[in-house]
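Below are structures written as structure tokens.
Next come two complexes built around chain A: one with chain B, the other with chain C.
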Partner chain A sequence: MRKPAKGGAVSSLRLSRRGRKDLLLAFLLLLPTIYILLKTFVSPIIESLVWSFYKYNLMDGSDVIWVGFRNYKQIFGLNEFWVSMENTAYFTVFTVGAELVFGFFSALLLNQMFGGRLFFRGIIIIPWAMLTLVNGLMWNWIYQPGYGGLTVILHKLGMLSANSNPIWLTNSFKIMTFASIADIWKMTPYMTLLLLAGLQSLPSSLYEAAVMDGAGFWKKIWHITLPQLKPAIIVAVVLRIIGAFRVYDILTVFSGDPTTSVSFLTYNYAFRYFYLGKASAMAWISTLFILALILVYIRMLKRNSELE
Partner chain B sequence: MANHLGTNAAAPVIGTRRNSTIRSRLFKTASNELISPFYLWIGLILLTLFTLAPFVYLLLTSISPSIELLDGRLIPKSPTLDNYVRLFTGPTAASYISAIKNSVSVALWTTLLTIVLGVFAAYALAKIKFPFRTTALFAILAMQLLPSISIIVPMYIMMRNGIPVGIPFTGIVFFHTPPLLDTVAGLVVAYTTFSLPFAVWLMAGYFQTISKELEEAAYVDGNGRLGTMFRVVIPLAMPGIAATAIFTMLSAWDEFLFASAFTQTEAAKTLPVAIREFIGRHNLDWGLMTAGGFIASLPPVIISLFLYRYIVGGLSAGGVKE
Partner chain C sequence: MKNKFGVTKFFVIALTFLMLIVGCSPAPKTASNSDSSASKTPDSSATSSASSGGAVDLNTLDWTKADDPAVKNEEVTILAVDNDGTVSKMMQRFTADTGIKLKILPVDYNSLYNKITTAALSNSSDIDLVEMDTIWAGQFMSGNIVEDLTNVVPADIQSQFTQSSLSSVQFNKKLAAMPYFSSTKHFYWNKKMLKDAGYDAPPKTWSEFREMSKKLTKSGQYASGWSWKQAEGLNCDFVGMVYSFGGSFFKEDGTLNVNSDGAVKALQYMTDLIRTDKTIDPASLQWTEDEVKKAFFAGKIAMMSNWEGMYPALNDPTQSKVVDQTDVGLLPGEGNVVSATVTGSEGISIMKSSKHKLASLAFLKWMGSKSFQEPSFIERGQYPVLQALYSDPKVKAADKTNTIDKILAQFQYGQNRPNGPGYVEWADILSSEVFKALAGNKPPKQALDDAAQKITEAQKKAQ
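After this line comes the complex of A and B, so read on.
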């Protein structure tokens, strides 16, 4: 930017001569990616929108007929759909909230200077790197009644009397809660690393003035850390909501009940009953919600880059 | 805040007794830090405990004999590798081994395809000025953030019927792939759909950090656009490309939704699908299940620990949703 004007003039002259060639080159370089994404992304997502207005039942071989908004109307009248929405909302709010709180304090710890910091920063990546399905399997084992880790430890600590042996995953609320705990364990490190990156970009002299004022821990956090970290927090939270709302994999380990999440219900409509029209409509409801979040995210990114 | 400087500055109280020096050192927060050493280490111990305990428990379970597990022992009295031996030689060994093979080939092919195609697109988006460039970049970001469920239904039909490859809108078809349901190739196509926009977004970000001056120098040396790209931009962006490759590989290794919808047999079932089936199949045989889970998690965990720097760099570059 601050280079002498001469260099800039030469390069802009060069560019204008090369302008047309450049445009062609850009097109050629982008062509394979554009082709693949048109074929496997853009066209399916449009097809799915179109199918959501049709009765398209793959199993009984009936005709594909235009039904307008009937699929959507039926879905909104469906009790299962609202139950699945509620469960998804509970899972999303609970996991993202807890991950934010734990992730924030972990990031504060790991941002301090101390010996062996790299070791502690390294181990938190282990839960994040584990397979989602293995994480589900592992927590399912922990929650086993009788001899699973949770029951055994509660017995040993005396928090559970020796003759009581609860079954943890009895109703859908408990299933959602325990599945959320599994997800919180796995995804808190992700939040930690995102917030840690945010903290590292703040100046190290941040708290010095506040110390002079005699501000304590909570005051410093409330008046200095949180406001400074706000852009990073919003970005991390939006990304996590996008990730949590689509939850499917971990729930299949804990429960065969498709109403535990919208994705699960959509999957079941598509691949168990093969009601492709209805499944497409349901998928589009999720798509619209996530698209709205993506717009928020892009707006945040633009604003953050303008600040820099 | 600066105008308050010095008004309230209290001189640090220096303890006379040894006891109070230790105490003040433990509880005193350095001026540029937030947390005093005492609470810092309490926090770190709790963090380590909660982070590692479930993982260590998984490992300990996998080396415990079944009889001890059903007794509720946390730490095995007589550790054994029997579960691992059964995993690779028992009646279900064949399906587990084929799942490993499928996972490896899906992850490698997806990564190769994604990086080779993505590098060119990312270079164009980062380094060549053309109309609607920013819009294209954000469209690519949006694609990558959408859930797989958005496109899974039409994609299933596409996989079932095979994919025609030709010139769009003209009806010209060069060739028509065979049906791709229950094949590794089908999964590679499905995974590339999401990893390609992700990779393009991430790599374009890395390419943008490479200074214009270096490129100008390459032009002056008589390199064309492509020469500059291969001799200057790509070598300098290698850490970013490596990070992108790692993320692509890890997400392909972890993917479950497409894999469970598009695969039926050992020909294409990947590890997550195999792990999911464990739960019904090996009822109560937790030793075997945890052994299978541990082996499946080992590659991503080791890769992430060794390539920690790349992972963190990629995460903070944004757009990694999981």
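After this line comes the complex of A and C, so read on.
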């Protein structure tokens, strides 16, 4: 937002007195916004970076001490941290992969002409529009042993013998898997919408030409839809990866186990144990991971546009 | 050239601006332990209030001035657990009794801790009083969140409380809160189901419990259900179990000890019940106390361990399918131990950041007195913290199910959980490892050894 304004400002410096006046006014008008943005976004980021070099335990009455990189070292040696990283990675790969596949095919479907298309395009947003926590509570009910939806349906379908009553959420792997399913249900519509927008911009002439060459359904998808949709797919996947990497709220419904995600662990360190220094360090490490992902994303986008 | 200069100038200005916002040193400030609000001893202030006359400092913690007419214009805000609106109704009587306005922010127990700490972190003075669970006393005192009431509440008032309710709100002999209600876990059983299985009396020992459980479990019905979801409820059940198997959570020198022989025996026993005997509803691993209560009310389990407040609801046909079929008594023991249970008594604390401390103190004075404690039992079944009320004729008359003596009997066997500043982290570690054993992912002994090692590490890292 600020970048174009800055560029304009610099060039207008050379313009005239009038231009300078305009610049001053613009700057004055921008000032409150800049102040709020700096205070709410930039300042906490810097503050947390500084905190990450301190031993800062808020709730045990101990002193605040400069410890250098000790927090980082401890976190890299922390078993829980790596377990939570693994779980987060599993969650991210599983959910984004499944959402991409389901989202792609439902986008294809919704791109076809059929009666009630508008209606279906409308209702597919509902899971996405639901509060994550509400979604979590609903799935938590589904996963209850005994009377929960999943057990009941499996019993009725005969896929589960009458005597067996499995407990679905007994270890972190199961919790991650079932939480992923809940997340896939909720976020697939988001993927669908992004890909549908991409699909609509594809020229139909390409498909007509392909049909003339004798291409079938899969060939059309492989040789036309996928390559043409690539920019949209990259955007959707990267946004979802960043979102999935930060997963926190849905997991708290299913379990009190903080090693299920890095955000959960960071939250616990910050707001349950109040090790603010260590939590800041942990937050910075996961931020760097996300930054790396964003770099990959920018690279891919760049390469894609160069190819075109 | 000029252009370049402009850019540099812009960045210099921006950087200065940024420095101003972040502050010259964004380093965390050391927690100040200075007591700005004068918490005088009751004796010394008694004389000063007599001489000073009208002028009352409304932000002072002075027991003798809590009834001063000047306090009447104040309004205090309290954060308390209230799931059905009955607590708010009860507390509103404070305004009727004293004239001080009371704003109640009702929350559920699981969000209480976060709401308190968020308010404390943001230094907001919106909340004056908070409900404090016994396990947070150390953190709230060391973290400088709540006022130290040791010298604020007069000794003769403190001596009126039951020993267990008072010790629940103390950390290192310091009073972090005013006792609010007394609580432990109790043993509830379904008389009809026990009779159908051929038993006239509830189990006295855990061995009996295990044998009876085998007979009580049949299709569609489990002998018992437990709050063994990986959360604090699991720790509560585990603590009671450890003490009944002769274990303890503390070594002789007072340090934490989670893998004593008794603890291993207790966890082995719990694991056997759920994994070998399969007499416990397997859903217990996903249940909190509330779900256990529902299963018991629905007649799906024959026995449970739970907090007070089940009666009179258990005998209300609109809520319960087991009307007049149930009873409450001592949790089983084992060997020499008659019974053991975990205490869950709570208190109400005054936030350090409060700007209405005198009015808040007036609330505590009222809340800790008969004016609140008596109706709170009669109407809500919440157990009083005042020793005298247990022989009060009105309280006795309200006890239609004759449960008060049975509940009192269990209170004698209450065991406190550790409440040092690190408890929340230790508790997370413990519940995680205990859960692993119950879910069959680790043998009990190894789970507890791992828990002990991780807790030691956590304590070291916190240094």
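Here, the second predicted complex is superposed on the first by the 271 of 308 C-alpha atoms of A that agree within 3 Å, B and C clash if a C-alpha of one lies under 4 Å from a C-alpha of the other, contacts with A are read in each partner's own complex, and residues count from 1 in each chain.
Operating definition for what follows: contacts are C-beta pairs under 8 Å (C-beta built on N, C-alpha and C of every residue); 3 or more make two chains touch, one makes a residue touch a chain.
Note that the structure is a prediction, hence the values are computed from the model and not measured.
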Simultaneous placement of chain C and chain B on chain A, clash or fit: clash
More chain A residues in contact [chain B versus chain C]: B
First (chain B), second (chain C), both or neither touched by A:N165: second
Chain B versus chain C as contact partner of A:L38, first or second or both or neither: both
Partner chain(s) touched by A:Q74 [first = chain B, second = chain C, both, neither]: second
Partner chain in contact with A:G61 - chain B first, chain C second, else both or neither: second
Partner chain(s) touched by A:F271 [first = chain B, second = chain C, both, neither]: both
Which of chain B and chain C A:S255 touches, first, second, both or neither: second
A:Q144 touches, of chain B and chain C: first, second, both or neither? both
Touched partner set for A:W51, first chain B, second chain C, both or neither: both
Among 111-119, 219-227, 255-263 or 309-317 on chain C, the segment whose C-alpha atoms clash with chain B after superposition: 111-119
Intersection of chain A interface sets (partners chain B, chain C): 11, 14, 34-35, 38-39, 43, 47, 51, 144, 146, 271, 276
Parts of chain A lying in touch with chain C, wherever the complex brings them together: 6, 9-11, 13-14, 34-35, 38-39, 42-43, 46-47, 50-51, 54, 56-64, 66, 74, 143-146, 165-171, 255-259, 268, 271-278
Contacting residues of chain A [partner chain B, same complex]: 3, 7, 11, 14-15, 18, 21-23, 25-27, 29-30, 32-41, 43-45, 47-48, 51, 105-106, 108-109, 112-114, 120-134, 137-142, 144, 146-147, 149, 151-153, 155, 185, 187, 189-190, 193-194, 197-198, 204-214, 217, 220-221, 225, 235, 239, 242-243, 245-246, 248-249, 252-253, 263, 266-267, 270-271, 276, 279-280, 283-284, 286-287, 290-291, 293-294, 297-298, 301
Chain A-facing residues of chain B, complex: 1-2, 4-10, 29, 31-35, 37, 40, 43-44, 47-48, 50-52, 54-55, 57-58, 61, 69-72, 74, 117-118, 120-121, 123-125, 128-130, 138, 140-143, 145-158, 163, 165, 168, 189-190, 192-193, 196-197, 200, 212-213, 216, 219, 225-226, 250, 253-254, 256-257, 260-261, 271-272, 275-276, 278-279, 286, 289-290, 293-294, 296-297, 300-301, 303-305, 308, 311-312, 315-316, 318-322
Complex interface listing, chain C residues touching chain A: 2-3, 6-7, 10, 17-18, 21-22, 26-31, 33, 113-114, 117-118, 121, 139-140, 142-145, 229-231, 281-283, 285-286, 421-422, 424-425, 428, 431-432, 435-436, 439-441, 461-463
